[in-house]
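Common to both upcoming complexes is chain A, partnered first by chain B, then by chain C.
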Partner chain A sequence: MAATFFGEVVKAPCRAGTEDEEEEDEERTETPEDREVRRQLARKREVRLLRRQTKTSLEVSLLEKYPCSKFIIAVGNNAVAFLSSFVMNSGAWEEVGCAKLWNEWCRTTDTAHLSPAEAFCVFYHLKSNPSVFGSCPKKNVQVTVLTSRHVTDYRTSESPGSLRCPFLRALKTQTLKEPPCCPLLEQPNIVHDLPAAVLSYCQVWKLPAVLYLCYTDVMKLDLVTMEAFKPVLSSRSFKGLVKNIPQSTEILKKLVTAEEIQSNIYT
Partner chain B sequence: MFVPSGESVSDLAGFTLLMPAVSVGNVGQLAIDLIISTLNMSKIGYFYTDCLVPMVGNNPYATSEENSTELSINAEVYSLPSKKLVALQLRSIFIKYKSKPFCEKLLSWVKSSNCAQVVVLSSSHSYHRNDLQLRSTPFRYLLTPSMQKSVQNKIKSLNWEEMEKSPCVPEIRDSEFCIRIPGGGITKTLYDEGCSKEIPVAVLLKFVSEGDNIPDALGLVEYLNEWLQIIKPHLQCDDPTASALPWKMPSSWRLLFGSGHPPALF
Partner chain C sequence: MASRYDRAITVFSPDGHLFQVEYAQEAVKKGSTAVGIRGTNIVVLGVEKKSVAKLQDERTVRKICALDDHVCMAFAGLTADARVVINRARVECQSHKLTVEDPVTVEYITRFIATLKQKYTQSNGRRPFGISALIVGFDDDGIPRLYQTDPSGTYHAWKANAIGRSAKTVREFLEKNYTEDAIANDNEAIKLAIRALLEVVQSGGKNIELAIIRRNQPLKMFSAKEIELQVTAIEKEKEEAEKKKSKKTV
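Moving on, here comes the complex of A and B:
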């Protein structure tokens, strides 16, 4: 409980996230109807893998259909834009599936024309070298994850204002022997959400994986942030995948301009 | 599920499992950090689950450059075979409605690995104390019936206070009394499941408020140490020059309250 300046006593949020009393009460008074509603909601939130064009479910796991040795995931608008411009525009990539998901925060409705800023997940597969792609990995697969975070999430003994951002940090699993192309993320910093889930899976099941995390002070599509990912192009994960860097930089600039026009509130 | 980190699977038969409940002030988790760090316990595996929010970071117990690059996830298991101790550390909060399934999976692993007993380190909101509790020690314990048989005498000799029952529904005057641990996270669930499944579970908790909970964590590990004697009890009269803190704080405890501040602020 906390007392406010206005003389009220309110329930203070608990850092440990224990809203157990509410949860217990809910479980005690739950009727079969409540349980059914909860079950249906859980089913609606399930992640489904589909063939993009036909929207039919994939009968076998993507890995069985397309075994691969490199799996690259980009999470967040800047990472996706970087990957699209530098990697996906340097070769013929074929869409092989997508992950359809829904939760109460989803706003994406039109999946035909996606910009990097929208929330969706599509799997691509390199036509010229079918062993490179993104899906359920097996033992000899190397996983690379790209994502970005706001610089205020980064803990350092210096003042955050003195940090020169954007900057790159990496986290890697034990089985990855290759050193990353930027410094490792220092203690006590942590990563959560999807990149953490992927890295946890790889660490537990002993898959080589690396996460490149860009700390930036601009959360929307931004050229400087996207270019901060450039050092990763020299790593083994991206060997042979990037052909024309100047051309890719041009594509990146066009993506940002398109996004800026869309976000003009006066049109 | 438990996944070993090395090639071999450790035998945990007869071991004492120390674990935190994610509770107010994160006291249980801080206490487990102190134990793992002080005893230099080695990681033997992961408790891989979808019940906790995913999180990764580099080794929180790093002491040098060499060992600072090992990746850590949200639920890991450490052991010290010489003292027959195994510690489970939880580093993130439960996903809604997943705390009970987690307790069930955890206790079934405890049963299958033949652990001798489980000790849950936890905390409870200090503002919920009644008048008697306000005037007494802030530490409490709880034992499941199967645990009581083996350790009741030792606990009695320590003069510890058992957690009191309180009205199940505080608003109703003649409500029944039951054990309530507000702010204790899964503590109550673990205790109840331990009772019904006949698993020896001991709960050690402290009444705390949120803030800088490091002193609370130190208090809780000292309380645990009175019973289990995991480190030599600190006797100040022995050596006045000895450090006042026999417990080693892990390197990841720096910057607990955020980054440095701009010098121009003051």
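Moving on, here comes the complex of A and C:
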């Protein structure tokens, strides 16, 4: 920058190139095409709420359309398989919408075929009792989150060989009065990603919420891990939702067998 | 901290860990369960069979392999690594027989496999073998043997042991139930192996494979029918035990 004789400030060309100079260079070289590319990328990465598996979006906020008293979210393939075998097969659940998202790490853009491992979320509500739902929470709603994590992330002073895998730990918000059905997560362990975000949201908005975290040594779909979630069925949030336990176990087994056959690396 | 010390296996971490070896032990846990029992006159190996794809030939997916006429082993972990180790062990068995005109002892071949595994924990550019093995057999002196090796290259003799997924659960079951009565005769030892596997195997008898070696007899693989018979007998015993319990409480 330089001041001219008349007092105006002008950009003086400088081959040394100052910091300001570099920034201005970038602004100068950003073309409308760059902006367009960035806008398209942002649109692609948008989280879209869609009505069922169609392309029509849910204009009305889910929250207003389906007020709910129980919100259960399962994160990870084991938790999802457990929920779909035990809870969703014990009643008529109706799919009301789904959240689709994409970012550069997704291996596929084809979100038409649901599988427990896909990176998006489907919302269901119980036909017989529409107040039970997976949606955005309001007051008077109880949130339950199920997820799993590898046992090597579990920090403890005990020797890792003595840990009996898989095991359940819980983390709850202040407003939840009911004690969880397993020990609380000890320090210095922390929760990551979506379950942590959900729990933080609930803590900030004073919603009663509990997170059940299963530490396991098998991260793919595994019967023993899924069965480790069973104590959760006795909690208040699942009361009345689970009916056919033997049948659910059969469904779980089928899910696991379907996945197991894929890989021949380990025997 | 771990990530700075696990790129090259020849590097110790400040607290004395060889992380690649420990990670190899995690790979073992991804394989299905195998259990070995040393009886008085019999050694038993039981494994959880992996489900086979429809178009796959079941005979080519084997967890129990004979190393020689009097020694066999079961493994858990990376299939390809197991194939390499088994081939080397088989060649060593024959080479030994031709050189010294005696079949290998179970301890000799176990030590050979363990030494091979240990070499791979001390070379640069190589990773450890991702398998644990249960090696069973009878020596010339007629004594039954059961050894277990792991990716670090250690080996130990055991009365009964389990490897692979849920090995801890099975081992705890064996610690409670391996008694002199339980191995009193051959059939009881076989039942103990099956009972141990049933603790963790999902779909019962049809997912179990069993092999036994009796003194001075070759390896015998059980057919599905024979296993089913044993499973039925075990379930009957369980029912009777439960009936007795309920009678006592009433």
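Going forward, the second predicted complex is superposed on the first by the 212 of 267 C-alpha atoms of A that agree within 3 Å, B and C clash if a C-alpha of one lies under 4 Å from a C-alpha of the other, contacts with A are read in each partner's own complex, and residues count from 1 in each chain.
Just so it is clear, contacts are C-beta pairs under 8 Å (C-beta built on N, C-alpha and C of every residue); 3 or more make two chains touch, one makes a residue touch a chain.
Note that the structure is a prediction, hence the values are computed from the model and not measured.
> For the three-chain arrangement built by superposition, which of chain B and chain C touches the greater number of chain A residues?
Partner touching more chain A residues in the overlay: B.
> Touching A:251, do we find chain B (first), chain C (second), both, or neither?
neither
> For A:217, using the defined touch cut-off, is the partner it touches chain B, chain C, both, or neither? Pick first, second, both or neither.
second
> After lining up the shared chain so the two structures overlap, which partner does A:233 touch, if you call chain B first and chain C second: first, second, both or neither?
The answer is neither, since A:233 touches no partner chain.
> In the superposed arrangement, does A:164 touch chain B (first), chain C (second), both or neither?
second
> Which partner chains sit in contact with A:197 here, chain B, chain C, both or neither? Use first/second/both/neither.
After superposition on chain A, A:197 lies in contact with chain B alone.
> Would you mind writing out the residues of chain C in touch with chain A in their complex?
Chain C residues touching chain A: 26-27, 29-32, 50-53, 61, 63, 75-80, 82, 165-166, 168-169, 200, 202-203.
> If we count contacts the way the header does, which residues on chain A are in touch with chain B in the complex?
1, 12, 14-18, 20-21, 23, 27, 38, 154-162, 171-174, 184-197, 199-200, 203-205, 211
> Using the touch definition from the top, list the residues of chain A that touch chain C in their complex.
Per the touch definition, chain A meets chain C at residues 152, 164-165, 217-218, 223-224, 253, 256-257, 260-261, 264-267.
> For the complex, give me every residue of chain B touching chain A.
3, 22-26, 46, 48, 53-60, 62, 68-71, 73-74, 92-94, 96-97, 99-100, 125, 127, 182-186, 188, 210, 251-256, 258-263
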